[in-house]
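Heads up, there are several structures right after this.
You will see two complexes here that share chain A, one where it goes with chain B and one where it goes with chain C.
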Partner chain A sequence: MSNLNQDVSLEQEIQAADNKNKVWKWLFISSAAFMISWILFPIYLLIVSALSSAEVVNGWPKAFVPEFDMETLQFFMNYYGVLGALKNSLIAAVFTMVISIGLGTPAGYALARFEFRGKETFRMMILLTRAFPMPLLALPLAVIFINVGLDDTLFGLSLVHAALALPFAVLITSSLFLGIPVELEEAAWVLGCNRWQAFMKVVMPLALPGLTASAVFAFVISWNEVFAAAVLTINNQTLTAFLVQSLSSSPAEVKFAGGLILIMPAILFLFVVRKYLFSMWGIANR
Partner chain B sequence: MIKKIILPILLGSSIASASEVVFYSTQANPLKEADAMRNDVLINFDGEVKFLPQEAGPFFSRIEAESRAGSVTLGVLGALHGQFPQIQDSLDSIDDVLGSVPEIKSNKTMSELGKLGSQNQKYIPWMQATYIMAANKKALPYLPAGADVNALTYDELAVWAANLKEATGDAKLGFPAGEKGLMHRFLQGYLYPSFTHSVVTDFRGDDAKAMWAWFRDLWQDVNPRSTAYSLMQEPLLTEEVWVAFDHTARLKDAFDQRPDDFIAFPAPSAKAGRGFMPVIAGLAIPAGTPDRAASVELIKYLSQPEVQVKTLKATGFYPIANVELPADLPANVRIAGKAISMQANAADALPSMLPVGLGDMSGQFSKAYKDTFQQIVLRNADIDQILDRQAMVLKTIMVSANAPCWAPDKPSDGVCPVN
Partner chain C sequence: MTTISIENVKKSFGDAHILKSVSLDIKHQEFTVLLGPSGCGKSTLLRIIAGLETQDTGVIKIGDRTVSHLPPKERNVAMVFQNYAVFPHMTVFENIAFGLRMKKAPEQKIKENVERTATLMHIDHLLHRYSGQLSGGQRQRVAVARALAVEPDVLLMDEPLSNLDALLRLQMRAELKAVLEASKTTTVYVTHDQVEAMSLADRIAVMNAGRIDQYDLPDEIYNNPATEYVGSFIGNPPMNFISPTFQRGDIPEGATQLGIRPEDFDVSTEAREDYWPITILTRERLGSHQQLSAELNGQLFRVNIANEIDVSSGNTLYLKPKDDKKRWYSESGKIIL
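Our next item is the complex of A and B:
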């Protein structure tokens, strides 16, 4: 009898726990849905407006279903120099990524693993490159670039963008390496690896998702930067330098279509590297 | 070999052909205008030209950088009258070019402006525009009794705005008072001249005080979103606003997209007259340009009457050269053109010149007016106090620029006084 009673109370407890779980689950799902729509809804509106004709974009009420009017997008595709600028933007962004990862990873590793004089100062100083506004730097930079022959080249532009992206690359990678136990590396040394091999075979695979994240950062910084790109390039303008400023004084439907073209490559890039980002956040590979 | 093939690949760039003239411009910046410039206007130019529109900030930085480094790639510069002073030191003197464009030279007042207050010609006037009013036809029934929309007074405009607010529940009058809007031109070229017959001298006179009080009252019936508007064609098209003031090129899309729904009309008048202000864009050549002869050819080409008409179609800016306008013009030109000529030829017309001789103080000059507007109208500050303070600011600007008065102010001996 007493056993039976116990069972009943146990069942009730399980029931209560279940209910509690359900509430949490719903809370979780609804907040996730909210956060997803926070990101996706504006992009959705952008797509709808980009695929609509001028009358619909300027009309009221706003449409929520695209009417697949390609006129504005087509105008862009035929617009002089858009494809070239798109290519330039991609090249500059990839250069920036390579430079900032190539320089940022060793710097981050050094900050994480070694003790040296002025380490804290270095950590602060590296943020200083972001302390000066671009319009202030662009003029002297342009003068120097013209003098050394880097003017109007994507490589030169990538150097500037890499300087902007480096603080993030260094700080992200250093905290990344801090999170990887030094014992793993030591074990690799004991088992016969030299420092470089241990880094490549043990630390690197663990750090890859984080490195991807900082690469994404570098890519996005380069992709979004307008002022330096506009001043430092003439014949090799990037897409943002080419479009963003002209867009601000263009009619609404052109703004939407241009906006779509500007965000598309960045979204595609994120899609390609999502695997590494997911594994960093502890979600299984898919 | 190395320089031509390997280097470009290595540096990820192409090296432009030497004969190409780079036409760098703050004008025709909106995408569709730039497209029309390339495909309709520049297409028949005998030679290679690369049209690169650019925002003012990077435009100035680029020109200054090239001039400091002593290595110039730009061929022709297109900018507004008010923008040239900032890069005046980087410009070549082009008196020789003015001689070869008689159709521009014959317009004495304008070609004189191209000297920027110096001895030599710094730019050749390229095209012109002005600011007018636009209205949705739905707003016309609410005009105050007896008012003629083409000869409106500012008091009638106020009644009209109040009527609209009462009838629709929304404030339907709008001004471009946003970050990139041209509100300061309304204050300098329209409001001040119309009420005080002055821009600088009577900045804080009794008429100016009354004007600001009037404008603050009017603002009750102005759409509060005005502080976010840059180009009035957008709120006009969305019908957020029914009556608006703006630059003709910034109203263009409204007239083009719905020519049957909108009208254009001259700016209103007040007791001193119907103040209005022209906008002039010019063409200049940077000192040390790679192929000066080609740059000169391009300026000559753009000054030809038929090319000026094409430019009008592309940008909504009117010719400087004296030309017969053809019949097949786009809607915006037909609609705005009539209002512009009514504005300029009105019996009480009071043309206000662009600020002359301010040099690189032009930006601060405009800011002084914008700040005054913000303090008095938007923040409801004390009119006397703000006008006294801003008058000192204005005085400092005039003294440090050493600028004499310009119309509608009376000519001055030496620096233009602020009473």
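Our next item is the complex of A and C:
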């Protein structure tokens, strides 16, 4: 009899534990779903609106599936100044990419391979450069740029964007180089390479995918940046600056079309390089 | 003639004095093993010979060339690393050819050397694979072939077998010995494994806390340890050190310790003159012999005895160290000749 009682209570315990597990699982899934929709739903709305005709965008009820009306997008692309701004955005982003990889790679290599006084401070300082909000920096920068003649140039803007992208470039590349065993380089030195040859023949090929990721990330940072672009350029506006200033008075569907054009490259690029960004942020590569 | 001469080399990292004035003369075509526990400076010394580290003071010569401040690539050495360091983005062929390509050797010679060394290391069927497709043992073979392919003056090996599992290690050890004997390259090999050292070396340098305690033939190292440290590092179990207060007969001037190997006792089950009565603490049967941990006047030591002698713990056994095997050590731990 007592045995039977024990069995029953054991069963109840198992049942209770099971229920508890179910609750946790349900909580986990629903909060994950919430967070995913937090990001994806606006993007979805943007896509639907950008690909629908003006009547649908302004009408009610909203369509769940876009009707793939390309009219708004076409209108947007032919809008005066869009193509020029698109070109400027591309140029600024490529400059930013070149500057931040050109400077960030050696800095990352130094952080990964050398012991030097103030290394940890240096690492902190790199991050600190991101602590100052752009609105705080933009006006003084504009004054300086006017004084040295860099105002309203894409090169000047790229310098600012590179300053934003460099901390990431340095940290990503340094974690990349840390992942390449130093013995590989040493083996190359012993087998007849100088430092530069060993870097080019052994380290570079192994780091290349990650360097590409880091370059793409710099590109995206520049591509997405609005504030500095809006303050520092007038005639050579990038797409973001152009949109902020020109589209504020445009109809909703054109705004959506512009928004879509803006976010697509960023989303695509980040999707391609996500593996390397995860590893930089300490999330295991799975 | 490829000799290596190391004179008064010192090296510190910050406050840590890793090498405290090391001198070593390595003879032409000899296989020298640097043996010691981790942290004794053996790897640092090897890396200084390779040029991967720079000594604080001292002179390194390879042959009659002073290489003290030359970069690695100008020393004509090759090195095998503990973790193999096979380039993952190149095929086995390109890995082995790497050093020759850097020296701009003609294509014909590259092909010949790669094929010769790959055949020697039994990896000639793997030439088109990448390192990711190889097992640990195969990677180690690639690393050795890559080092031999450049026909270096000096071959340096940093614990090349320690990442392999035990069985593979034995096999590779025997193979390495054969290959290196045939290649007649002056070799410096770092290990913490005394068996590896004894079996491979022409000459062993036993290192202790940044110094070389003894540099000699393996048999000499085993039979006549220059210091107590060498005696207690080499041999399994190591040499016994016993204070000689109860020792009858001659004790050399200044001797404070008697060093005697576990297998160097005459054993008797009955009391005899000049034999020590010892109490057996534990007995371990090891197949070929049995090993006793024993005690005499509060001093612990180990004895290897034949299987035929039937004893068990708690018993008393009578031992006498063989006269020609006794080694005497001074207060400072140095052998007294």
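We take it that the second predicted complex is superposed on the first by the 200 of 286 C-alpha atoms of A that agree within 3 Å, B and C clash if a C-alpha of one lies under 4 Å from a C-alpha of the other, contacts with A are read in each partner's own complex, and residues count from 1 in each chain.
Throughout what follows, a contact is a pair of C-beta atoms (placed from the backbone, for glycine too) under 8 Å apart; a residue touches a chain by one contact, two chains touch by 3 or more.
The structure presented is a predicted model; accordingly, all values stated were derived computationally and were not measured.
*Asks:* Based on the superposed arrangement, let me know which partner A:Ile91 touches: chain B (first), chain C (second), both, or neither?
*Replies:* First partner only, chain B.
*Asks:* A:Leu73 contacts which: chain B (first), chain C (second), both, neither?
*Replies:* Neither partner.
*Asks:* After lining up the shared chain so the two structures overlap, which partner does A:Pro251 touch, if you call chain B first and chain C second: first, second, both or neither?
*Replies:* first
*Asks:* Of the two partner chains, chain B (first) and chain C (second), which one does A:Cys193 touch, if any: first, second, both, or neither?
*Replies:* second
*Asks:* Once the two complexes are aligned on chain A, which partner has more residues of chain A within touching range, chain B or chain C?
*Replies:* Here the partner covering more residues of chain A is B.
*Asks:* So, A:Ile234: does it touch chain B (first), chain C (second), both, or neither?
*Replies:* Once the two structures are laid over each other on A, A:Ile234 reaches chain B alone.
*Asks:* Between chain B and chain C, which residues of chain A are contacted by each of them?
*Replies:* Comparing the two interfaces on chain A, one with chain B and one with chain C, no residues are shared.
*Asks:* Please output the residues of chain A touching chain C within their complex, sorted ascending.
*Replies:* 181, 183-184, 186-194, 197, 202, 205-206
*Asks:* Could you list, by residue number, the parts of chain A that touch chain B in their complex?
*Replies:* Interface residues on the chain A side: 54-55, 58-60, 75, 79-80, 88, 91-92, 95, 135, 138-139, 142-143, 146-147, 150-156, 158, 227, 230-231, 234-237, 241, 243, 245-252, 254, 258.
*Asks:* Flag every residue of chain C that touches chain A in the complex, lowest number first.
*Replies:* On the chain C side, the touching residues are 50-52, 71-73, 77-79, 81-83, 85, 87-89, 98-99, 102-103, 146, 150, 156.
*Asks:* Taking the complex as given, what residues does chain B use to touch chain A?
*Replies:* Against chain A, chain B makes touches at 10-16, 22, 24, 29-32, 34-35, 38-39, 50, 52-55, 57-58, 61-62, 64-66, 68-69, 71, 73-74, 180, 230-231, 233-234, 237-239, 253, 257.
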